[in-house]
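Structure first, then comments.
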Amino acid sequence: MRTISFSQATLEAMQEEMRRDPTVFVYGEDIVRQGGIFGQFKGLPEEFGDRIRDVPISETAIVGAALGAALTGTRPVADMHFADFIGVAFDEIANQIAKNRYMFGGQANIPLVIRAPDGISKQAAAQHSQSVEGWVQNIPGLIVVAPSSPATAKGLLKSAIRQNDPVIFFEHKVLYPQKGPVPDGEYFTPIGKAEIRKPGTDVTLVTYSIMVQKSEEVAMELEKEGISVEIIDLLTLKPFDTATILESVKKTHRCVVAHEAVVSGGLGAEIAARIQEKAFFHLDAPVLRVGAKDRPIPFSPVLENYIAAQKDDIRKAIYAVLYREG
Amino acid sequence: MPYQKKEFPNRFTALQKDAMHNLLRTMIRIRTFESRVEELFLNKKIPGFVHLYIGEEAIATGVMANLRKDDWITSTHRGHGHAIAKGAQTDRMMAELFGRKTGYCKGKGGSMHIADFSVGMLGANGVVGGGFNIAVGAGISSLIKKTDQVAVCFFGDGASNRGTFHEALNLAAVWKLPVLFVNENNQYASTTPTSFATSAERIADRAKGYGIEGYTVDGNNVIEVYNAASALIEAARKGKGPALLECLTYRIKGHYVGDPEKYRTKEEVQKHFVENNPITRYINYLKDKNLITDAEIDAIQAEASSEIAAAERFAEESPFPEPEDALDDLFSFSPQEFPEAVR
Amino acid sequence: MRTISFSQATLEAMQEEMRRDPTVFVYGEDIVRQGGIFGQFKGLPEEFGDRIRDVPISETAIVGAALGAALTGTRPVADMHFADFIGVAFDEIANQIAKNRYMFGGQANIPLVIRAPDGISKQAAAQHSQSVEGWVQNIPGLIVVAPSSPATAKGLLKSAIRQNDPVIFFEHKVLYPQKGPVPDGEYFTPIGKAEIRKPGTDVTLVTYSIMVQKSEEVAMELEKEGISVEIIDLLTLKPFDTATILESVKKTHRCVVAHEAVVSGGLGAEIAARIQEKAFFHLDAPVLRVGAKDRPIPFSPVLENYIAAQKDDIRKAIYAVLYREG
Amino acid sequence: MPYQKKEFPNRFTALQKDAMHNLLRTMIRIRTFESRVEELFLNKKIPGFVHLYIGEEAIATGVMANLRKDDWITSTHRGHGHAIAKGAQTDRMMAELFGRKTGYCKGKGGSMHIADFSVGMLGANGVVGGGFNIAVGAGISSLIKKTDQVAVCFFGDGASNRGTFHEALNLAAVWKLPVLFVNENNQYASTTPTSFATSAERIADRAKGYGIEGYTVDGNNVIEVYNAASALIEAARKGKGPALLECLTYRIKGHYVGDPEKYRTKEEVQKHFVENNPITRYINYLKDKNLITDAEIDAIQAEASSEIAAAERFAEESPFPEPEDALDDLFSFSPQEFPEAVR
C-alpha cells in the first residue's frame, strides 16, 4: 500500500478510468488552468487534451449537459467547484437527471458523476461551507456517495464513473490534502455498502465524510474510558446501507448519527427514523443526532466553531445514549 | 415585428418528388395524430395534460428532414410532432398517451414525456427550457466521440426567457458545438403573448449575444424551414458551431386540450388557421408547381388516417401496466442486485 | 361562517392584505389573463392594476426578485405555478433568501411569500406532481407552511404575508376547488402552531395538506372498530410544532406520520427522528411513516395509484403501531 | 475585441472641483483599504476568502457618484469597492473582515458578504450572478412604491454567463425597470480569460437580445464611466428602463489573495498596472487640466491612510462575537417568541 493524498487518490481514479474508456471526460470551472484547487485534476490536460475542459460559470449548463452527454454515449464527470452551487442546477438534478430513466420507462442509461466539494473549511461562510446531501435525500433516482479517506475516494470515484446511473460524489474540502494508505493496483469501493471502520460493542456511531475521522478520534478517547464504539462509515448516502446499520444496532442497542450538515432535515433524520422503525425493540436509547446547529455557517471563527458539530458533541451524544454523565 | 429575410440556398428544389411528398406526409401524419388525440382526450381516453402541435407541423417536418437517425433532438411539452418527424412510431406513442404498457415509456411518461431514444428523440420535457442543456450535452458527446452527429433543440418563445437558454447557447458557442437551436415562436407562452414576456424584438436577435448566427424564417412554410435547417445543420455537422433559428408560427389550438382560451379571440385564431395553415400552404405550392396530384394527396391522407386508426387500436388493445411495474426503471440494476436502492 | 372554496379563501387573503397594505403585490406566470387555474387570482387585476403581474418564464428571476423587493420595502407574493419548479430557483431559495438575514447579521426584514401549488393531481406525471417540502427541510432560515382547508388557507396566507421572514406556502392542487367553512371577518392562522383536527387516545396521526382529509376519513372508519385516532394537522412544516406532537404522543404512545411526498428523506423522517429522540420512553411502537413509494410519480393511473400513498397505507400503519392484524 | 465608442454628454465637466476631487478620494480610499486588507490577510489577521478590487476602482466610483443614498446596488464577491463607494464606513467593514461583533454583519458574513443596507448596499454575494435578480427586485419595489429610486447591479464578465443574467435583463426590459446593469469586465473569471468563456464579442452586445441599450466604456477612465452612468441612470430614473454598461478593466491582483496566478504572466499584469491604473490616469488628467495640486493629492492620500489605519484599529480593538451570538439573526422573531423556530 502507498500513502497518497485524497486529491491524488481521486486523480488516480480519473486517470485510470479515462485511460480505460475514451468516452469518460471531465469538465468544470477553472480546472484546466489550475489543475483543481488541490491539484485533483493536475496532469489531466497534458494526457487527455480536451477530454478535460474548463467551462463558463454556467452550472445549469454544466449539469444539464452532463445528462445530455450521458444519454448519448459518453460518461461525463462534472465538477461543481463547490457543492453549494448544486442549488443553481437543482432542476437539472431533481427534475431531469433523477427522473430521466424512470419517466421514460428505462430507455437509457445515465452514467454521469457530479463531483461536489463540500463542507466547512477556512471560514468560507454561509455560501461556501455547506454539506448539502440533505437537499437531495427526498429525490428518488439519485445515487449519492461521500468518501472519507484517500482509499475510499479512489475506489468510490471509480465505481461512480462505471455506474450506469447518476452519482453525486461529495468530497470534503478538508480531506483533499490529507494522506492515507491506498491499495496498489485497481480496486473498487462498492456503491451501496457501508464499512465498519472500527468494531465495537457498546454503541453504534453512524457517520460519513469528514466526520469519520472525528468519530475515530472520539472513539479512541472513549475506549480509554471503557466505552466501545462501533463506527460505521456509510460511504453511500443514498441509498444507504440499512442492513449494516441494523445489524450493528441490534448488537449495541444504541446509536448516534453524526454529520457535518445541519441537524434538522439532514440525512441523520432518515437514518434515525429508519433505525427506530426497523429495530425499535433493540434500542435501549433513542437514536441521537449530531450535526451543525440549525443555522447557516457563519464567518467569524468563534461563531463557526459554535455552529459546527464538534467532537465534543459526538462524545456527549454517546454519553447520552449510554445514560452516563458527561 | 418585422425581420430581415436571409436567403438560404434553395436545396428544396433539389429534392426528389418522393422526398417532397414525404414532407407533406409527415405534416399530415402529425396533424392526423394530433387531431385524433384531441378527440380522445376530450373523450377521456387519454389522461393527464396534452399540448397539441397543430399548426406548427412545418417546423418539425422541415428540420427533421435534414437529420439522420443517429442525430439527436430535444423536445418540449409540445412534443408529439417532434417525435413523429424524428421517426417514432405512432402506435407506441398513442399507447404511451393511453398509459399502456406498450407505450414508449411503459406508461410512466405520458404525453409530456413522450420519447424514443432509439431514433434520437431524447424526450419531451415537462420543464419549459429543460431541453437546452440536454441538447448541448449531446453536442458534447459528438465532440468527445469525434462523430459528426448533430443535436437539435426545439424550444418555445416562452422558453427563450429561461436562464437555461442563455447558458446553453453560450456554452455551445464557446465550444463550437454541433447544436442547432430551433425556436418555435407560436406567439404565445400559455396565456402570455410573446411580445409581453420576451424583450428581444426578434428571438433570433439573441444570437448576437453569443456571437453566433441567428435567423428568422416563416415557420408555416415548410420549404423555408427546410432550406434554413439544411444550411445550418450542415454547418453544425462540419464543425462550424451552433446557430439559432427562429420559426414564426401560430398556436392554432389552446395551450393544452381544455384551455378556455380567454386571452385571445376566436377570430384571431381563425384568421391564422385560414391564412397560415402550413399544410394547406404546402399543398397549394405543390399543386401550383404540378408536383403533386389530388389523388396523391388523397392517398397520403388516407394512409395517415389508417395509420392513426391502427395506432389507436393498438393503444386501446394494449394492456395497462401491472401496478408493481411502477417499481421498475428507477436504476440500471434490479431490486435483486441492490435491494436497498429499490425499497 | 361561510362555505367557500380553498381558492376563494386564498383570494380573500390576497384581497384583504393588498387592500390594507399598498406594498403587497403578487406576480407569477399566467395569473393575470386567466386569473389562476383555479380562479385564485380572479378579480385582482381589476382592483389592483399592476400590483398583480404576469412574468416571463423565468423562475430564477421570479424568486430572486422577490428577495430584492422584500429587502427594499415591499411585500412580494410570488406564484410558482407548480411547486416542482422550485428546483429552477433553488439557489435563490437556499443560498440567497434563506441566508440573507443571517449572513448579513440581521440587517433587513425579508417579508416574502412563495406560493407553490403542489401534489398529485390528474396524472400530471413526474415533473408536475411533486410535494417538495422535503427539498427545503435542511435549509435553515425558511418558514414553510401547508394549509389543509379553506379556513387554514386564508388564515395562513394572511399570516405569511404579514410575516417579516420568507415563507413558502405549499397549496395542494386538489384542494383548490374544495369547499369548507371559513370564519367571517379578519383572522389569522398562526405560523408555527399545529392544530388538533380530531382528538383521540390510541394513536397520534401527524399529517398535513391533502393528507389531513384522507386521515380524517381513515380515522372515522377506525372509530367504528374502536380505534381512537388523534389527528394533528401540522400547518407549519418548518419549523414544525414539536411541542404539540410530543404532548399527543405522550398521551397515545403511538404515532404515524403521513404525507404525500415520497418517504425517504421526507418530512416524516425529521418528525419521526425527533419524536423518538424526545419521547423515546413514551413510545410503545416505532413511529411509522406513510408516503409515496420512493419513485418519481408515474403517469398511468394504475401506476400513479400504486406509487401514491393511499388511505389504506395509513390504515395499515395504524394497525401496525397498535400491533393489530390488518 | 474592439468596440464602438458612444459619446455620452460630458457631465463630468459640469462638476464642481470638489466633486472631481471626491472621485479621486473615493478611488484612493478604496485602493488604500484594499492594499491594507491584502497585507492583513497575508498576516492572518483576516480569515476566509478575500477578493480585491484593486485596479477596478474607477467603475464603482464613477457609477456611484451618480446615485443617491436611497438608491440601491447589488454587488459581487469582489464587493469592498462597491461598499465604500456607496457610502459604507471602512471601520465597520474592516471589523467585519476581522470577524468582529462591530462589523456590518456582526462577524457572520466576512468579506464575501459585506453589506450595508442602510446606505442601499444590498450585499456582496458569494454566488456569482446571485445579485442580478435582487437588483431587479429592488427595481420592482421602486415601481410598486412609485418612487424614482434606481438599482444598479454590478457583475463580472464571468457572471454574464449565468442564466440569472438572462432572466434578470429580460424581466427588467419587459417591465422597464429602473435598473442599470454594470459589467466589470476585468478580463478574467478566476483563471479563465473572458474570451474563453464568454461567447459575445462584447458583453454589451448582449443588450440587443433584450431590446435595451448596451455600451462599452473604458472602465479605467473614471470620467468615461461617470458620464455613461450619469446618462443611463438618469434615463432609468425617468422610467426609460434598464441598460447594460460594460466597463473594460483589468484585475491587477490574483482572483483572491493567495492566488498562485499560474494562468498569466507577471509581465501582462505589470503592463496593465502601468498603463491602465485608473488612479494614476485620473490624477494625470486632473493635473494636466490644472484641476488639482500635488498638495491636494497628498492630503487626500494622507486622509485615506489615516482613515484606514483608524479602521484597522477599530477592527483590532473590537470584541469578537460571543459564541452564542451565532444563534441570533435567523428570523425576525426572538427565540422567546418562537422557540421551535430557533432550537
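Some notes on this structure:
For clarity, chains are labelled A, B, C and D in written order, and residue numbers in each chain start from 1.
Just so it is clear, a contact is a pair of C-beta atoms (placed from the backbone, for glycine too) under 8 Å apart; a residue touches a chain by one contact, two chains touch by 3 or more.
Predicted model only: the values in this text are computed from it and were never measured.
By number of C-beta pairs in contact, A-B leads over the other of A-B and A-D. Look at the CA centroids: the one farthest from the centroid of chain A belongs to B. Work out the mean CA point of chain B and of chain D, and you get 44 Å between them. Centre-to-centre, using mean CA coordinates, chain A is 40 Å away from chain B. With centres set at the average Cα position, the gap from chain A to chain D is 36 Å. Chain A and chain C, compared by their mean Cα positions, are separated by 30 Å. For chain B, the set of residues touching two or more other chains reads 105, 107-109, 113, 125-127, 161-164, 167, 170-171, 174, 196-198, 330, 342-343.
Looking at chain C, one finds that residues 55-56, 58-60, 84-85, 88, 91, 95, 102-103, 125-127, 140-141, 239, 264, 294-296, 298-299 touch two or more other chains.
Contact residues of chain D toward chain A in the complex are 47-49, 99-100, 105, 107-110, 112-113, 125-129, 158-159, 161-163, 189-192, 196-198, 260, 262-263, 320-327, 330, 342-343. Those residues of chain D lying in contact with chain B across their complex are 161-167, 169-170, 173-174, 196-201, 205-206, 208-212.
Against chain C, the residues of chain D that register as touching in their complex are 72, 74, 103-109, 113, 115-118, 122-123, 125-127, 130, 132-145, 149, 151, 163-164, 167-168, 170-171, 174-175, 328-333, 338, 340-343. Interface residues of chain C, counted against chain B in their complex, comprise 29-30, 33-34, 54-60, 84-85, 88, 122-128, 264, 293-296, 298-307. Note for the complex: chain C touches chain D at residues 22-23, 25, 50-51, 53, 55-56, 58-61, 63-74, 76, 91-92, 95-96, 100-110, 140-141, 143, 163-165, 192, 239-243.
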